[in-house]
């Protein structure tokens, strides 16, 4: 898919919880096809402090209206300013970028594990992969109930489970402590995960041990996002590879974790 | 119609805007965004004889109006270049220049000979200023004798235009420029990145795996511009100027200060269409100011 | 309660935050905004024996995340300092340091002697790095022999803490740092401004009356931080770090890299309350991280 | 008057013509006293490109509501971004800065000459000096009618005259071509002027020739605005002086023009 730099129109900025926002962006032309796991690189002009773009995964696409959305969690300076943008603002975006999750086979049973803002690509994937909702299991982890991002639009794509570290929503503990992960892991054909490094590594470890196919989405620091700076590398069994072009989605059997 | 073309030795660039080494891959990586044939030239990612994995992650830190990188010349080596890159670029209507790197003078020479054999590579940029490698790189570029030694050796095996890329991490860049001019360099390009550093106050660790890295972007523009002007006043060979160029005005400033051509680097990360926008911007500026040739701008600073 | 105080030789600063020379006048100019006694110290505007008018206007150009200045040590001379400034500051509960400048070694020495006679000036900062004067200034600071010569001469007539301010416009700043340490400097402060330039693309003239000027502000922070770290690893005397410090995090990064104290310069132009905010910020950081003494931060970078 | 750094609230942003805006700023505490000719130094955070503050003269003060206004003309990057600020935004301002115009004696006849955004301090002065409107003459110059800034609130302070270079409003030509300036100059006790350098120099020249007291307001490039950087100097008969502290208002007999 051809990558472009485009000024998009912010049509809606919705606060989802204390530090997560959903931005809906509209293109004035036909949207390129965007796959789950792919990301966009966003210019944040309204701040004296930001120089580089900031990468965000695509949360959902509406081809009919040529809009797509991002889920932005406030982490630092850039994400903070971005969430102050208002409907009507223009935002320059480079997209679509990176690799996507592999689409599961028709009857496969999949487990999608999202933590923090890592829920974004998970839900897009859940929607796209067109499986019988019976076969789709989504496990979302957060620190506590108030950190959980509720994207109700997705409620129909499958079975939802939650964990929170303080037990205020769903199971108490990390995603890897949830029964669906602990006891039913080998029942899944594929696991997909996106979130904090530690979470993904814990998931990957169990998946590898149980020989379940597992794909992770990495969030290495990026300068360009389209493969020219070589800053975002991850060690793989084939040497250093760019997370922005060879990834962000990697099958764990390719990583040196 | 103004004439945008500029010349380094007998090599003609259709316009003065090149992309900088390490910021545009081998050209192909930005072909989605721009028509490469609209560029004056493409200086490709630093190449070495043997493949290099580069430095460990993390390799990047954002800084005020700039960034630090510590890539460390990751590349697949010259064999791969010949086999997998050269065939794709050799017929594109622009000037594709190889950025030549080595840890020893012998490596520089051997690599240059390999590149010399490639018909459609019209020039090399000899990188004696990479701050991110343990051996060679910048070490060659910060003293006159070592800079002279590399250029002398490479000059012997290379007849096409030889551009030597200088390090800004020196007390007097004109001294180095004169030294390499003395050894037959056809042009100098400047500046490479400034040695910088980032610290994470929370972890109390360096941000980069290599502790220090190379600073690029608009932050360095005023220093780079000063160096171009100083070098313009002390050598006769053409200068390819760079360092923080983000738009046509920046590029024009470098030309006024003495650069015959410019390279656009970090700006590509912000928007890969910037180099072509700069070509258009220079064109408009010349028309507006009724200047016939881009080359008339070079060094026209009124003091 | 954490202990913010730091020490250079036998001189105690109540906290590690000083204002940088040329950016806070003589302290009085920012007294509307801050309680000067909350600062570790104030390094006053560069002073010379005789009054100086400085360079012609324009003296300033904004640059990406920074600025160029070409003030050229405008000041009313030491007589005026003794008569009109010293009486006002001598009883303020902070450390007021004179930034000493000269065109010749004799001038440096004579001025130092004059300042030595002022009881309540606990230290001088010897400026061998001003890029904006035709004679003296940076010329002394970019080679070891000349730096040594000034420091040697001044050391002879001055017993109180002698801080030598280094230029970043050098290939190897550690060499200069070691040279001045060898001549008995009690501390080094770094960095002064980087030599830079701005061009007006419309008029095709330099923006500054002096063509080149000194670059300061956050743009230079990564380079300054690298230099502090390098110098920390090569001298034993304390370092006063500066260059683009805008907030407490920046200041803490400099301390982690090896600075015993920091100076805040250009940030004052953006907000003169920043130095005091930084004092508070360092205090909070130490409390949060359960670090007892500010001095424990110095050079604690984990590699 | 004590100078402070304060976050003010933008309560209104009014577009006056194609490139001039009036910003009304409110302090949460009691406003310091501000005199005509004084200025404020404004931080412009909403842009990746601005580093230093930007100085603007005070156009008017309302002590009752603790508000004052600025007249901002779009000249470059900073002024451009500043005019996009909206009511509700916070703006950090250092103020009040600089010297002010001298207040005329009770029965003096004064001529105030403003060009471009230089009309700002002129009108504030006209309002403050409390003269019989008969004795106040305000001459405003602009390139053409559409560049003229109409601040109707001031219409009662005195006699108004206009010049435009293309003759589309008032007399055709520069302010120095207007009859009130050309033929009645010596009838004035004082002339005050603020605007483009060339205009002020032309005014100053005639005033000096006719020995009429004349004050000008300079707009030298500033880094700090409060006297510490020494960047904004103007040559005076007493040597280089800071426009931000010794000025911006200077009597022309002090300048070396």
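The first chain written gets the first letter, and so on, giving A, B, C and D; residue counts start at 1 in each chain.
As a convention for this text, a contact is a pair of C-beta atoms (placed from the backbone, for glycine too) under 8 Å apart; a residue touches a chain by one contact, two chains touch by 3 or more.
Small disclaimer: the values here were computed from a predicted structure and weren't measured.
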Identity of the chain that, by mean CA position, is farthest from chain C
A
Centroid spacing, where centroids are CA-atom means, of chain A and chain C in whole angstrom
47
Chain C and chain D, separation of their C-alpha mean positions in angstrom
36
Between chain A and chain D, centroid-to-centroid distance (C-alpha), Å:
53
Taking each residue of chain A in turn, which ones touch at least two of the other chains?
48, 50-51
Which residue numbers or ranges of chain B touch two or more of the other chains?
61, 63-66, 217-218
Is the chain-to-chain touch network here best called a line, a ring, a star, complete, or other?
ring
Chain pairs that touch, all of them, please.
A-B, A-D, B-C, C-D
Of all residues in chain A, which touch chain D in the complex?
44-48, 50-51
Show which residues of chain A lie in contact with chain B when the two form their complex.
2-5, 43, 49-53, 92, 94, 220-235, 239-240
Complex contacts: residues of chain B adjacent to chain A
22-25, 29-30, 32-33, 45, 53-54, 56-67, 69, 71, 74, 217-218, 266, 268-273
Contact residues on chain C for chain B in the complex?
61, 63-66, 68, 142-143, 169-171, 194-199, 201, 203-206, 211-212, 215, 217-223, 225-226, 229, 244, 249, 252-253, 256-257, 285, 300-303
